[in-house]
Amino acid sequence: MHSFVHRRFFLVVLWSLLVFLLLVCSALAQERPEVIIAGHRDLVPGENDPYYTSTLLHVWEPLVTRDEEGWPAPMLAESWEVSEDGRVWTFHLRRGVLFQDLTPFNAEAVVANFERYRRISPANSPFYPFRIHETYPGLKEVTAIDEYTVRLTFEEPVPALPFLMVNFGSAMFSPRNFREDGFFNGFPIGTGPYRLVEHKKDEYCRLEPFEHYWGQKAISPIRVRVIPQAETRFSALKAEEIFGVIDIGALTPALAMELLKDERFAVEVSPSTIAHYLFMNGSRPPFDDVRLRKAVSLAIDREFIVRELYYGYGEVMGTILSPASPFSVPLPIEHDLAEARRLAKEVLGEKRVQVRFIFPSWSLERYPYKEQAEYIQSVLRELGIDAQIQILEGGAFNEAMKAGEYEIAMRNQGLPNAEPNTIFTWYVLSDGAGNVEYHLNFKDQEADALILQARREMDMEKRFQMYARVQEIAKEGYHWIPLFNNVDLLVYNKRLKGFRSLGKKYDVTLWEAYLE
Amino acid sequence: MITGLVLLVVIGGASLLAPFLSPFDPLEVRLNNRFAPPFQRPHLLGTDALGRDVLSRLLYGGRLSLLLAVLSTLITLSVGMLLGMLAGYFGGWVDGVVSFVVNTFLGIPDVVFTLALLGVLRPGFGTLLLALNAGSWVGLARVARGEVLFLRESGFVEGARAMGAGAWYCLLKHILPNLFPTMGVLGSLRFGGFVLELAALSYLGIGVQPPFPDWAVMLNDARPYLFTHPHLFIFPALIITVVILGANCLGEGLRDALDVRFQRGIGES
Amino acid sequence: MRHYDWLQRFLQMVLTLLGITVVAFLLREAIPGDPVEILLGKEGLFQPSPEEVRLFRTRFGLDRPLFVQYFRWLGDVLRGDLGRSFVTKRPVAQEIRERLPATLLLALAGFSFAVLIGLLGGVFLAFWSGSIVDHLVRVVTLLFRSMPTFFVAVVLITLLGERWRVFPTSGMGSWRHLVLPAVVSGSGFGILIMRLLRTNLLQVLGNDYILAARARGLSAWKVLLKHAFPNGFVSVLTMFGLYLGGILGGSPVVETIFAWPGAGRLLVQAIYGRDFPLLQAFVLVFGVTYVAMQMLVDVCYFFLNPQVRPGKRIV
């Protein structure tokens, strides 16, 4: 009897210990809690989009990405070289990479993807349209030389190919991911650290770490909610329903400042390629005179705008090329009210002139454009320029610009890719699309020559100098007046660790994020 | 009703006399004095994001709003009541036509209307008036029609007709006064709606353009500063509330005034 | 005789529906801006080439004359094809079907809230008319109504969502997510109903036959409910019809603020994005609901007072 009781007792203890161990193990093995963040739009446009998701979600990876200085950097392509005549580019692919359906990433897959590019181009997207003839101008052939080498042959030299391929230009998916028409047959299968596991349009999407990712594996599952209104994102952060925000216009400067007063929050400042400009109608008086345009530029205190209206979150610009581009040169920022008055007097004499100052109503959701415009209006009044502000609906705004029914238009502009030639062609080249359509009327032979020449210039150093010179010339034209560069304010709850902005890479370290 | 009248007259008068009453130029930008807090000299109600005096802007801000709201309410009420009465009383093809027009207007989202107007007409006072009124009379017309349908079955109408009264006599003496109470309520609430709608139109390019002040626009401009500088929101909101309150007292007070008269009328017949 | 009336009404309905779609087609042409350029460009970030614009136009038949486009669309609809969204390229029917339930849920919740406070409030205020409570309620409710929806929403979200954590601040999920949006969405209408009902009841209560009923000894409540209510309810009923007719349009403002994935937001996006197939289908669905609601209201008039027959002629 005695030993029986003892044995019973011993068994009970053993069982309890086992159960206890199991509980402990399961607690340890429990997945990291879901990191919940929010953006103002759905970052997953879906099947009929060329990329399915934004790069920010890290579901797919490109051949070429950007480094924190803005230069093209290796991603799925480890290295590349170009032939002397610039027509043949050879890419060496990274080894040991698996797609999320566990098929290998190799040259064959790359060729299949290029095949797909041909089929879907031109394709629209809320991010960047995909146009094969713009990203890969004159592409003749794409061949797999061996399992990890791909060769791209072009009709004409393309010296800046990697710049054009950055991110959205070279997205790679599993060849089994496509329909006949080239779009997706299901969830995207990329090579990135996250898999898309759930998506409810305009509500949220869920990402889970991909266990066989080739690089630094992701820590936590992520839920990205869609909350269109900035004030609601603010409240959600405060109520700890979300722990961070993402994407352009994550939080307005005013709300961000207010949120940062709360000890629980910190901010990651993410530079974007979006900058604010004044488009000057150079095809009719009074701004057909460069002196008056210069006066406008000199009269505006950009520092004031950034400091007061954007709470210091922004970078003033003296050059037309956003500092997010590695080719941007820091030209001096001028603010000289006296000189501005003098120039205005020279042109206008004692007369006053009335001009139309327009901007689109959609910008009001993200930026304090109304105050900005009213400030500029008050400054221009001192020059003898009476600006009539007109807020126009998006479509009406475009119409007005095309019809030239404005004197000054204020709008933001982003860089479509890392190659500045695109933006120079639009706004600086004499018969550039933007220049002509928006009646900027800027003509400079030297700039024209440089822009066309740079397209074929193989020497990086020389290109840099050419682009620097173009910026100088454009500046003196004062037809497309840069104000300042935007930054995105990614305010986050301090309990969210590992959430960092990656500078000009325009990215956030989602894979390092976890909740405490 | 008196309260309502008094409130509206006071505010209307202040708006009219704004050039004499306002201490500062409502458009004057003073960048070194932004967001001055209220209840201090010299800016009694503080200053806004560009250093402009809030009190002055409030005084001027009502001019267009009040004018438009009053005009629009009158137009909407008259057109709505008239067409509603005709449709409800005469029935038949009159009702058919009016209901067709009304339902067509109702079936199309307002934004589409406004944008279409924007595309076709130049911004201006007339366009503004049209934009505000194009869609608003329809609801009233339907409500009026409904009431008239019931009223024409009532005893006194039948009695009047039995005595040989014509259609217009019935309409004016018996039906119209009975519509006033409902119209009073709806009209006064619409009045407030017009004041607020002006802001939305301004953001589409019709209506008040910056830097001119307008109550509803000031309210919207105060959005980013709701938590940091609430005075920018509170004062325009208060004024708008007072105005709507006044309109409502006036509108609903009409019922009381007319009801007494009507009661006496019934007693006679 | 009665059936003939209703048949006539039905035909009118169909005619009105067609009218709505035609007007919508015409109006969309008036909207400023070249829709194709707006669709292909992206807030000015890109310029579509003239070739692309031309291709797009021909592919979707936008280069044909307007009446040809209309009849083509009508033909498609009668065959059950509502077209594909210009923006997402998915079938329009799918887009609407995905978002409509959320809007309906919110609209009905808002409507229930509005009816609750409207009917209860209206009756009570009529009863207590002239008292301090009446005046106080008037001031408070009008204060509420004079603030733009946005502010009411933000105040509620901040107080109840953020500070006191009673309800979630946004999104759709449990019943708790529904409360704040429903309150914001329905409060304006509820206040309207409240004041309308109050006024109408007082108006009816002033009538002679009411005094007669009271003189006969009926209690105040009975008088209110049995005699005053039916006649005083007409306008409120009409307003219900107008409100319910428009529910498919949802409230884009409320949906945007509360991140509610509804059709109202979709509609506004379709308009600003010039997504014509989606817009046209919306107008159709919207139109059907409206017209159906109006007819329902006319039927209800009949139940309130069998003498009332819309369309009846008076010589």
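A, B and C label the chains in the order they appear, each numbered from 1.
To be clear about the criterion, a residue touches a chain if its C-beta (ideal position, glycine included) is under 8 Å from a C-beta of that chain, and two chains touch if they have at least 3 such contacts.
Only a predicted model underlies this, so the values are computations on that prediction, with no experimental measurement involved.
J.: Decide which interface, B-C or A-C, involves more C-beta pairs in contact, and give its chain pair.
T.: B-C
J.: Among the chains, which has its CA centre at the largest distance from subunit A's?
T.: Greatest centre separation from subunit A goes to chain B.
J.: Determine the centre-to-centre distance between subunit A and subunit B, using the mean Cα coordinates as centres, and give it in whole Å.
T.: The separation of the two C-alpha centroids amounts to 45 Å.
J.: Indicate the whole-number Å distance between the mean C-alpha point of subunit A and the mean C-alpha point of subunit C.
T.: 38
J.: Averaging only over C-alpha atoms, locate the centres of subunit B and subunit C and give their separation in whole Å.
T.: About 20 Å separates the centre of subunit B from that of subunit C.
J.: Spell out, as numbers or ranges, the residues of subunit B touching 2 or more other chains.
T.: Only 115, 118-119, 223, 226 qualify.
J.: Which parts of subunit A, given as residue numbers and ranges, touch two or more other chains?
T.: Residues 231, 393, 395-396 of subunit A each touch two or more of the other chains.
J.: I need the residues of subunit C touching at least two other chains; which ones are they?
T.: Correct list: 31-33, 154.
J.: Note which residues of subunit A are touching subunit C in the complex, please.
T.: 45-48, 122, 124, 126, 128-129, 200-204, 225-229, 231-232, 235-236, 238-239, 241, 360, 362, 393-396, 398-399, 411, 413-414, 416, 426, 433-434, 437
J.: Would you tell me which residues of subunit B are touching subunit C in their complex?
T.: 89-92, 95-96, 99-100, 103-104, 106-109, 111-113, 115-120, 139, 142-143, 145-147, 149-150, 152-153, 167, 178, 181-182, 184-186, 189, 192, 196, 199, 216, 219-220, 223, 226, 233, 237, 240-241, 243-245, 248, 252, 255, 259, 262-263, 266
J.: In the complex, go through subunit C and note every residue touching subunit B.
T.: 12, 15-17, 19-20, 23-24, 27-28, 30-33, 138-139, 142-143, 145-148, 150-151, 154, 192, 195-196, 199-200, 202-203, 206-208, 231, 234-235, 237-239, 241-242, 245-246, 249, 267-268, 271, 279, 282-283, 286-287, 290-291, 294, 297, 301, 304-305, 307-308, 310-314
J.: Can you name the residues of subunit B that touch subunit A in the complex?
T.: Listed in rising order, the residues are 29, 31, 34, 49-50, 115, 118-119, 123, 202-205, 209-211, 221, 223-228.
J.: Using the touch rule from the top, collect the residues of subunit C that touch subunit A in their complex.
T.: Against subunit A, subunit C makes touches at 31-35, 37-47, 52, 87-90, 98-99, 154, 157-158, 161-162, 165, 168-172, 256-259, 261, 265, 272, 274.
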